[in-house]
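Starting off with a structure, shown below.
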Amino acid sequence: MILSKKNKTFKEGDWVLISYQNKKFLKKLDKNFNLNVKREVIKFEDIVGKKEGEEIKNFQIFRPTLEEIILFGLKRKTQIIYPKEAFFIAFKLDLSGKSRVLEVGVGSGALTVVLSRLAKEVFAYEISKDFCNLALKNWQKFGLCQNVKLFNEDFLKAKIKKNFFDAAFVDVKEPWHFVERLHWGLKEGKSLGFLLPTTNQISKLLESLKGFFGNVEVLEILHRYYKTVPERIRPEDRMVAHTGYLVFTKKIQKKK
Amino acid sequence: MILSKKNKTFKEGDWVLISYQNKKFLKKLDKNFNLNVKREVIKFEDIVGKKEGEEIKNFQIFRPTLEEIILFGLKRKTQIIYPKEAFFIAFKLDLSGKSRVLEVGVGSGALTVVLSRLAKEVFAYEISKDFCNLALKNWQKFGLCQNVKLFNEDFLKAKIKKNFFDAAFVDVKEPWHFVERLHWGLKEGKSLGFLLPTTNQISKLLESLKGFFGNVEVLEILHRYYKTVPERIRPEDRMVAHTGYLVFTKKIQKKK
Amino acid sequence: MILSKKNKTFKEGDWVLISYQNKKFLKKLDKNFNLNVKREVIKFEDIVGKKEGEEIKNFQIFRPTLEEIILFGLKRKTQIIYPKEAFFIAFKLDLSGKSRVLEVGVGSGALTVVLSRLAKEVFAYEISKDFCNLALKNWQKFGLCQNVKLFNEDFLKAKIKKNFFDAAFVDVKEPWHFVERLHWGLKEGKSLGFLLPTTNQISKLLESLKGFFGNVEVLEILHRYYKTVPERIRPEDRMVAHTGYLVFTKKIQKKK
Amino acid sequence: MILSKKNKTFKEGDWVLISYQNKKFLKKLDKNFNLNVKREVIKFEDIVGKKEGEEIKNFQIFRPTLEEIILFGLKRKTQIIYPKEAFFIAFKLDLSGKSRVLEVGVGSGALTVVLSRLAKEVFAYEISKDFCNLALKNWQKFGLCQNVKLFNEDFLKAKIKKNFFDAAFVDVKEPWHFVERLHWGLKEGKSLGFLLPTTNQISKLLESLKGFFGNVEVLEILHRYYKTVPERIRPEDRMVAHTGYLVFTKKIQKKK
C-alpha cells in the first residue's frame, strides 16, 4: 500500500501531492511527468529521490493524505460523500477494528475509503455495474479498501444474515424502501446513518423509521475556511453551503 | 473492553445508554441503580438480562457509542475537544492502524479517546498532574486508550526522537512556543493540527509556523441539528456557535 | 412620540434602556423605579435629569432603539418576527415613504413596528381579537405605529381593492390559502414575503405560488455574535440557529 | 424619481429588471435595447407599453427594487456593503424620518442609498475624489440620494458640530483613528456602526472605543439561499461566507 512508504524518498510510480501557494495537485510520478503553474515548471527528475516536505522552486511535495486522495484522486460520476461528512460518519457509526459495517449505495466509493480505514470489514452494495467498476478502479489506483467486499447487487434482493452488521450507512435516493431490511441485518441497538440531499426526503425517511429505529438525529455539517494571512484573519469569501443532511438512528426492538 | 460485548444481554457493571424522548443518560448498572424521568422510573432489574435496543416503558436502552461516552461519560474540568472536531481531526491527521501520533495538551482526555481508536499508538503529553489523573480515570472507567502512553511532562523539556511521529495535535494556550520542537519530532511532510479558541491566537500561531510548516488550513466546524418530526422539518432553535478554530499544516524542510 | 425626545434629559414616564455589563433592561421611569443587579442598585432619582450615555455606578443609561423596544419592550404570546428578519423584510419589500404595505398575521405586532417606520401606511390584518389587543397595547406603550390601520378580520373575507398594495408580508400557518387573494390585492410586479418555520410549509407554499407569483427566493438569516474582548476575539458559545425561513416573490400576470 | 412610477407602463428611458429563470438583468430601456439569453431574445418593442409582472416569452419584467439596484445597477471599484448588511445597519442605527446620519467612507455609495431611504438626511464623507464621482454617478443614474450631502473631505479635518448626528456609520481601513472625532460629532447615547473585514481590525477598534463608547456588539450576518423546487427543498450548493464583521456601539459620557 502506497500510504505506508513513509519517510522514503519518492520514486517512479508513487503518487505525489504537489502544493503551489494554495493550489493542490495529485499526480502519479511517471517519466513524462511535468506540471506547469504560473510559468513555473516541476518535472519527474525534480521529485524522484526527494523526501516529503521538500520545497522545489515554489512547489512543495508530499505524500497524499486520505482526504487528499478523496478530494483530488478519485474519479466521480455523481456527487460524492465529502470528507467533512465521511470522517464524521465513520466515528458516529462507532466503528472500530472489530466492526463489520454495511454500506448501501457505493457510488464512486469515497465513503467506503473512510469506513474501510476504521472498520474491520466493509460489506458494500451497489446496484449499478458502472459504479462498481468506477469504485474498484478508484480503490485499486491507490491501493485502498482491501477489507471491502463489493456486491454488484440490489440490496433489497441480496441474501443478508440476521443481526449481522455492527453498523450501516445508506446513500440512495429512496432509502425508506430499505428500512425493514436494514433492521433485519443490523445487530440490536446498532447505528444506522443516511445522507439525503433534500428535506422532503428527510420527512419520508423519518416516517419510515417509526417502529424500527429510535434515537433519531438529523444534522448538517458546515465547514468554514479562513484565509491564512496572520495580519488579516478572515473567512474565505465563499463556502460550501450544502452537501447533504445526515440522519443517524439506532435499531430498536420491532414493535409487534 | 466493554464496547466489544456486542449482542450480549446487559449485566451488572455494564454501562448503559438510556434514552428517553430526546434526553440521554449514561449510567453504570449497579444494584441500586434507578433513573426517574418525568415520573417514569427504570431500575436495575428492568435492564439486567435485556438486550440493546429494547424498550422499557418509554425508555430505550443501548450500549454507549464512543461519541456518547465522550459527551455523557467523561468527567471534565475545562472545555473538552468535542466529537464534531475530534472525529475530523483523527482523519485529517491521516491516522491509520500504522500511525504513531503525538498529542500535546491532553486535558480531560476526550480527543485521546478518538485518536486512540484510529491510530496504532498515541504519545500523549500533559504538564498538569491533575489532568493526567483525570484523563487516566476517564479512560479506565470505559476500558479505553490501551494504546496510549501518557507522559506527565512539559513537552518542551521532554526527550523526543527526531522524525519520529506520523502526526501530531496540540491543544495548549500558547502553541507558538512548541513549533520548533514539533518540527523536530514529526516525520517529514506529516500533518500537525491545533485547536485554538480565539482569532488572536490564530494570528500568532500562523506567524510562528513560517519556515517550518507549509500547506496551512484554518477552519471551523459547525453542526446544525434538526427537529425530527416528519411533518415539521426545521432546525433546532439554538446551536453551538463556537468550540474552537482548527489549524492544520504539514512539516516542510526547514529553511536555512 | 417618545423616540423624538433626543438630547433631552430623562424625566418621569420616559422609557430608559439600562445596560449593565452585557445585560440590558428596558424600564419605564416611575417614582418607585429601582433596579438591582449583582448588588448594585439604580433608582428613579439616579436617572431623572440625566442625559443619555451617562454612567451611574456600573449602569449606563440610554433611550431605547427600535430594536431594543422589540426585543425587550414588546409583550408576546407566541414567537415574534425578530429584528434580524424584520429589518431585512422591510427593505426587501422595497418600502419607502410612498408605500402602502399589507401585513397578514400581526401577532404581537413586532414586524408592524418595523414596516411602519419605513412605509407610508401599513394595512394590518389579524384574525384573533386577543392578538389585536396585544399588538395595540404594545404599540401604544411606546407611541409607535401611528400610520398603521389594524383590521380584526379574516383576510380571506376582507374587502380588498384590486391592485392596491405596493408590498405585502404574510405570517400565518397556512399561507397557501391566501395566494390568490394576495395576487388580487397587490399591484403588478410588486413584492410579497412570507415567514415559515418549517420546510414542509415551504414546499406547499412554493406549489401554490405557481402561475401567480414569479422570481421566488427562499433564504434564512443567521446572525452570529462575538465576544467583545480585544485580546480574545471569538464567537459566542451559542447562537440562535432558527427563527424561520423567508420566502420572497413578485406578482406576475396570472396565466389563463 | 423613477421608483415612483408605479403601475404605469414601461416607456423609453425607464430601468427594467428582467428575470429569466434564475438570472436577473437590470437594463435601461433605450431604442436599441435587446437582451439575448439562451437563444431567446427580448427587445425594446417587447417591453415598451407593458406593465410590471408581464411575461414575454420566458422573460419576466419588473421595475427594480432598491436591493436590485444595489446588486445589479451600481458600478463599483471595490467591495461594496451588500444589502444583507446595509438593511440591518440602517435599522440598527435606529434611523427614522427625523434622523441626521453621518457616513464616513462612502466608496461606491451602496450603503448611502439605504441610509438615505430611512433617514431624513445623510452627511457623507469620502476622501477620494474618484469615489465621490463614482457614488454621485451611481445615485444620479437611478434618481436616488436626494437627501444626501456628499463631502469630498478627510473626515478627520472636516468641520463637525458637536453633538450633531443621530447616528453614524464608518467603513474605512483604520477606523480607530476616528473614534474621538466620532464621539465629538454624535449626540449623547446615539449609535455608531463599523464594517470591518478582518478580526485583527476588530481587536484594534475595540481597544480604541474604551472610555468613549459602550454597549458594544460584534456580529456577522449570514444569508443562506435555498433552491425553489417544491419537491426538492435544499440549500444552494454554495453561499457567501464573508463580507465583513459589523461592530455597533453607543456614545457614552467620556471618562475624564
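Things to note:
Just so it is clear, A, B, C and D label the chains in written order, and each chain counts residues from 1 on its own.
Just so we're on the same page, contacts are C-beta pairs under 8 Å (C-beta built on N, C-alpha and C of every residue); 3 or more make two chains touch, one makes a residue touch a chain.
Nothing here was measured: the structure is a model prediction, and the numbers come from that model.
Shared contact partners of chain A and chain B, listed by label: C, D. Which listed pair repeats A-B comes down to matching contact pairs by residue number; over half match for C-D among B-D, C-D or A-C.
In the contact between chain B and chain C, the residue numbers used by both copies make up over half of all numbers at that interface. Each chain gets one centre point, the mean of its Cα atoms, and the points for chain A and chain D are 43 Å apart. The centroid of the Cα atoms in chain C and the matching centroid in chain D are 21 Å apart.
Residue positions of chain C with contacts to 2 or more other chains are 199-200, 203, 224-225, 231, 233. Chain C meets chain D in the complex at residues 3-4, 6-7, 19, 51-55, 60-63, 65-67, 83-84, 86-88, 90-92, 94, 96-98, 114, 117-118, 163, 166, 187-191, 199, 202-204, 206-207, 214-231, 233, 245, 250-253, 255.
Those residues of chain D whose C-beta lies close enough to touch chain A in the complex are 197-200, 224-225, 231-242.
The residues of chain A lying in touch with chain C in their complex are 199-200, 203.
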